[in-house]
Amino acid sequence: MAPVLFAELVAFCAGVLLLTGVLIVWRRDLRAIVRLLAVQGVALAFLVAVIGVEARLPELLAVALLVLVLKGIALPVLLVRVSGPAGPGQVETPTINTTASLISLALLTTLAYLVSQPLKAAGSGPAAAAVPIGISLVLFGFMVLASRRHAISQLVGFLMLDNGIATVAFLIAGGLPLVVELGAALDILLVVLVLQVLTGRIRAEFGDIDLDDLSELRD
Amino acid sequence: MNAGAATLAAVQVVVMVVVSPLLVGLMRQVRARLEGRVGAGVLQPWRDLRKLAIKETLRAAGTGRVSAVGPLVLVVSGLLVCVLIPLVGAVPFVSLPDDLFVVVSVLLVGTVALALVGLDAGTAFGGMGSSRHMTIAALVEPTVLVAVYALSIPVGSSALSRIVVARIDDPASVASPVSLLALVALVIAVVAETGRLPVDNPSTHLELTMIHEAMVIESSGRDLGWLELGSWLRLGALLGLLGSLLVPWGVAQDASVAAVLIGVVTLVLKLAALGSVLAAAEVFVAKLRLFRVPELLAGSFVLAFLAVTASYLVVQAG
Amino acid sequence: MRGLLRLMRAAGRVAEPAPPRPEGLEGANVALGGSVGVRHVDAGSCNGCEIEVAATFGPVYDAERYGAKLVASARHADVVLITGVVTRNMSEPLRRTVEATPNPRVVLAVGDCACSCGVFAGGIGVAGAAHDAVDVDLAVPGCPPEPDVIVEALRRVTRR
Amino acid sequence: MTQVEVGLWAQLVLALATVSIAVLARPALRARLAGSAAAALGVAGAVTGVIALTGGQGRLVIPLALPVDPVVLSPTPLGGFFMVVAGAVGAVAAVYAIGYVHGPSASSTSWAAFATFLLGMQLVPGAADAVSFLLAWELMAAASTVLVLTEHRERIEVRSAALWYAVMTHLSFLLILIGFAVLSAAGHGTSFAAMSHVDPESAGASIAFVLLVLGFATKAGIVPMHVWLPRAHPAAPSHVSAVMSAAMVKMGVYGVLLVVLQLLPAGRPWWGLVLLALGTVSALYGILQASVATDLKRLLAYSTTENVGLMFLAIGTGVLLRAYAVVGPAEVAAGTTLLLVASHAAFKTTLFLGAGSVLHATGVRDLDRLGGLGKRMPTTAAAFGIGALGAAALPITCGFVAEWALLQSLIHGARPEDRLVAVVMPLAVAVVALTAGLALMTFVKAYGIAFLARPRGPEAGVAHEGPASMRVALVVSAVVVVGLGLLPGVMARAVVRAVGLGGIDVFGVSGLGLPGVGAALDPVALTGLTLLVAVSVLVVTWRMARRRPPRPVELAWGGGGVRVSPRMQYTATSYAEPLSRVFDDALRPERDLEITHAGESRYLVERVQFRQQLEDVVEVRAYAPGVRLVDRIGLAARRLQNGSIHRYLGYSFVALIAVLIVVSL
């Protein structure tokens, strides 16, 4: 694959990842967020595939397929089912208002750029240049996790965090060894299942799955 | 050496036992004459003692052995102080230096005995007198120790006899600011310790103002006799100490008959002079409120402390 | 200070010359030998006698010169000097005070009230005269008695 | 195996024996068996101490399973002196405990803890290096905490007292640990020998000195770290508080002496001043609080603070004078510390055992409800009286000899050429004098109110003397108080060998001579003179008593009042009231007066209620704010954790960013 094409494809995928990250933070509607997460999963899979082709590593293509199936399709479907019969129609009121969170996104991205110098030195070529995007995805995921009230959006934040880590891994070292990748995937699956039980229990208790009700549980 | 000290000690005890009641008699007589009264005569204390000897001794049910033993301890401590303090002669026992702290401790044994007799009576007056007496004794002790400490610095030893002998050899030190400050502090301390006027009024009848009298209120007959004699001995000994420090000449430095005779005569004269001056001063002074007494004692302590620091300046300059 | 000194020198001796010595009271007090502690008990007096007793121990009559002395506690006393009629409340304390005085002791009743109830005879609060409560050795009549009569009674006890 | 090693082994075996007896023996026999075994342990300790004191060498290495190096025991003469003191006190207290223990204090745990406690106090002076010293120190602390807790089920305040005690003891352990660490770092080795090569002028030495002195001062109960002492002593059973006050507190003094004499001998002048300052403040403050205390054991505990203050004052004088090359009085001052240690151990044991038997007989510690025990408990009254004489430093007791020596060293220590010493010495004399005066007042009050006149409460009326073992222990300790007072020569020899300096030796038959200062004291001669003088008085009194025997009378003279009831007598509070008024600003008594008027008129009073509360000013001013501050920090910390997930996630988010920033720097 021509290096220029490779660079452009990598940049394109990174751009899509970053865009979906920003949109997830921006949007309030849960259904839209889950769809954006699915898009992010597909973009990640495509990125992995591109790297696999560039580095001529067949197993990377297998991993890309795994990522596509897991993050592109399986998890979003699970999320939709988890959000219950009413469907993820509710609107989320995050703890930080939208403008403040967008501005903090900008700050986090600059921070990601500043911080990723040592990581960039580890990688080489255009892939390494996209590492800050991965890190900013991680920071976005964390912010969503910390600032959203709704169980589902917290889950989305957690998954975005995981996507960010996977992106960085793939960009630098051509992907994690398969075993680690599988392990990480299983963990995420477990987390989702636990959260599914948790949200079911919260709904039975409080009627809706707003995590702030949990704070009444202290003495 | 001890033989000389023994004779001097014996002489001192005999003289003080005879003289101290007369001293008190003289003080009452001086005071009476200044108040225009005729007064009961100098021998009245001896008549009191003789009467108390034949009077009946009553022991209340609540009191224990302390009411009987206490007066004896007070008299014995009074006699011991008369032995230890250089009154007639300044020749100490070899094995028993009349050290400042030993003398003060023997005095304090008497104070404690008197306080316990007061407490054992089991009445409100006894407890009140004993509590006030011990409070004042506790506050007086720093003054006494620091004052005699100031006098001991030029001499280099805290044995009273060596201080007196050193003052005889060096008359200038008697008039030095150090000894004047120390002696004024010592006078206030002696007045407080023996319960004379500014601190305690010996001839009061109002129980609530008493300190010394309140402790002996329950004792009668023989006990009261010993308590009175013990207190008079302490007063005589302390005034004798003041006399020996203020006017050291005449204190015998060896046990020869002539020196002892001179010693006895000068002692009696000194006691008479000091006693009448004290009695005369008492006429002009009213009793201090009990909680103003600590201020007086604090003042006397500051004088003693200044004496110590002054003695350094003098020694430096000298 | 200077004023007091001048006053002392001007006053000089205030006490009057001592009258001749009366003959002593017989009985156990012979051994007192010129030293007598007087414990004054006001058993219900109108204070007339108190003023005279105070004058007795004052500078002019000066009972101290004969060896008498006011003392605070009955334990130290040889003479219990009772003034005033014995009221109901004071009869028990009076009896206790005389009993608390060690022997040999003399009970001296001063004033008509103490000797024979005087003007208060028959009063509702009155328990009687001194001799009804305790046995009286010496009595000094008069309402109030002159200080020199009290001094003369005291001298019979001190024998000086 | 030298004699010292045999002695040490004997102690270890006896301790194990006592513990096993305590656990296995039937309750009826336990007290007697465990008590005698503990007494044997004490005696063994004392004997080993004597051998070590008289120059016996010995080194015992006990390998421990822990990866830390083994416990090394080789007592120096100084250590030997303290082993004698701790052993003797332990033995007397064990004998006393046989008769005294009842209820929880007779349980197997408390006997086992008592044995470990005695063993710990023997190992501390015997330790030869920092590690074994700290192990023994912790053993002693742990055992004594258990003992303080014995009666926690019966009285609630015992728990808070034990808490205070445990916290303060381990605060002192921490300070000592750091101090030894600094020293061993400077001296390149944890053994005391290695540490003694540290140059005293270096900064490390000064830091270590301050840490070690603060640590040992906390254990010794020096103001302002004394707060646990008046709480722990009333809480612990009497035989334990006797051992704690007479022996355990001395381990703090031993520590300071160890630092000043062995580890950093040529100290700097300001070291002496620090010790002097601590000593004077503790002596004055301790005796002031003791003079107004009404709880008998609290009074004795504060008097321990005073005596330890005097010991620190003596050590401080020694260091200060040696720093200014005034050798004579400096040696006397160092020797005087050990005289004070021995005399305080003797009379404080007597006093605490006496207080214990009063508590055993009446169940009451409050002086205001005692009284008239002299006739009902003659042995305790006599022993407590002798102990009180010792504490008040009156003649023919060991307290008098020690205080006399202290004053001699202070009086002769003043050298005009140095301005600082010239001012400090007279101040020290004044403080010692005022302390002696107040001690006099305190013990006249303690003895007079508890044992004389009439019982003020119902419990004191039915008091009776304790069992034989308590009386034996009381008599033995009282005899020691008078014995050491009459024959101080015995102590002089031991002190000279323990301190390794001159300054004190035997004078005449058994008197105490201070050649360095040119003073001497022979109590036997003083007693002889007293008897000679007293003979004439006794003969006169005997003749008069025969002619006119005293007549018993039913009522005391209370101003002719009809009912002279025991409640009209002076109590401990009223006895100390003038003092609390004189030292008002130091004691800060809280007084409140409630007058309820009858009806509306201001002049008719229905009821007047006066309440006086004497708090420990140091505790109220320093510790209470400290505890409140810690509470506030605790509350603030609780707000951090308020159950909101977002807040927790926010913390980790901030942490992640911080890490990233730091990594990139």
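All chains are identified by letter, namely A, B, C and D, in their written order; residue positions are counted from 1 within each chain.
The rule we apply is simple: a residue touches a chain if its C-beta (ideal position, glycine included) is under 8 Å from a C-beta of that chain, and two chains touch if they have at least 3 such contacts.
Since the structure is predicted, the reported quantities are computational estimates derived from the model, not experimental observations.
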Longest centre-to-centre distance from chain B, chain (CA-based): A
Interface with the most contact pairs, given as the two chains involved: B-D
Chain A-chain C separation of Cα centroids, rounded to whole Å: 115
Separation of mean Cα positions, chain D and chain C [Å, integer]: 58
Centroid spacing, where centroids are CA-atom means, of chain A and chain B in whole angstrom: 99
Averaged-CA centre spacing for the pair chain D and chain B, given as whole angstrom: 35
Interface hub residues of chain C, defined as touching at least two other chains: 73, 75, 100, 102
Contacts with 2+ other chains: residues of chain A: none
Where chain B touches two or more other chains, by residue: 54, 56-58, 207, 217-218, 221
Those chain pairs that satisfy the touch definition: A-D, B-C, B-D, C-D
Chain B contact footprint on chain D (complex, rising order): 291, 372, 374-375, 392-395, 400, 403-404, 407-408, 411-412, 414, 416, 422-423, 426-427, 429-430, 432-434, 436-438, 440-441, 444-445, 447-449, 452-454, 507-508, 511, 518-522, 525-526, 529-530, 533-534, 537-538, 541, 544-545, 548, 550-559, 564, 566, 568-570, 574-579, 581-582
Contact set on chain D toward chain C in their complex: 551, 553, 555, 557, 560-562
Residue ranges of chain D in contact with chain A within the complex: 641-646, 649-650, 652-653, 656-657, 660-661, 663-664
Residue ranges of chain A in contact with chain D within the complex: 95, 111, 114-115, 117-118, 135, 139, 142-143, 145-147, 149, 211-212, 214-218
Contact footprint of chain D on chain B as seen in their complex: 9, 13, 53-54, 56-66, 68, 72, 75-76, 79-80, 83, 93, 95-97, 99-102, 105-106, 108-109, 111-112, 115-116, 119-128, 130-132, 134-135, 137-142, 144-146, 149-150, 152-153, 156-159, 207, 217-218, 221-222, 226, 290-291, 294, 301, 305, 308-309, 312, 315-316
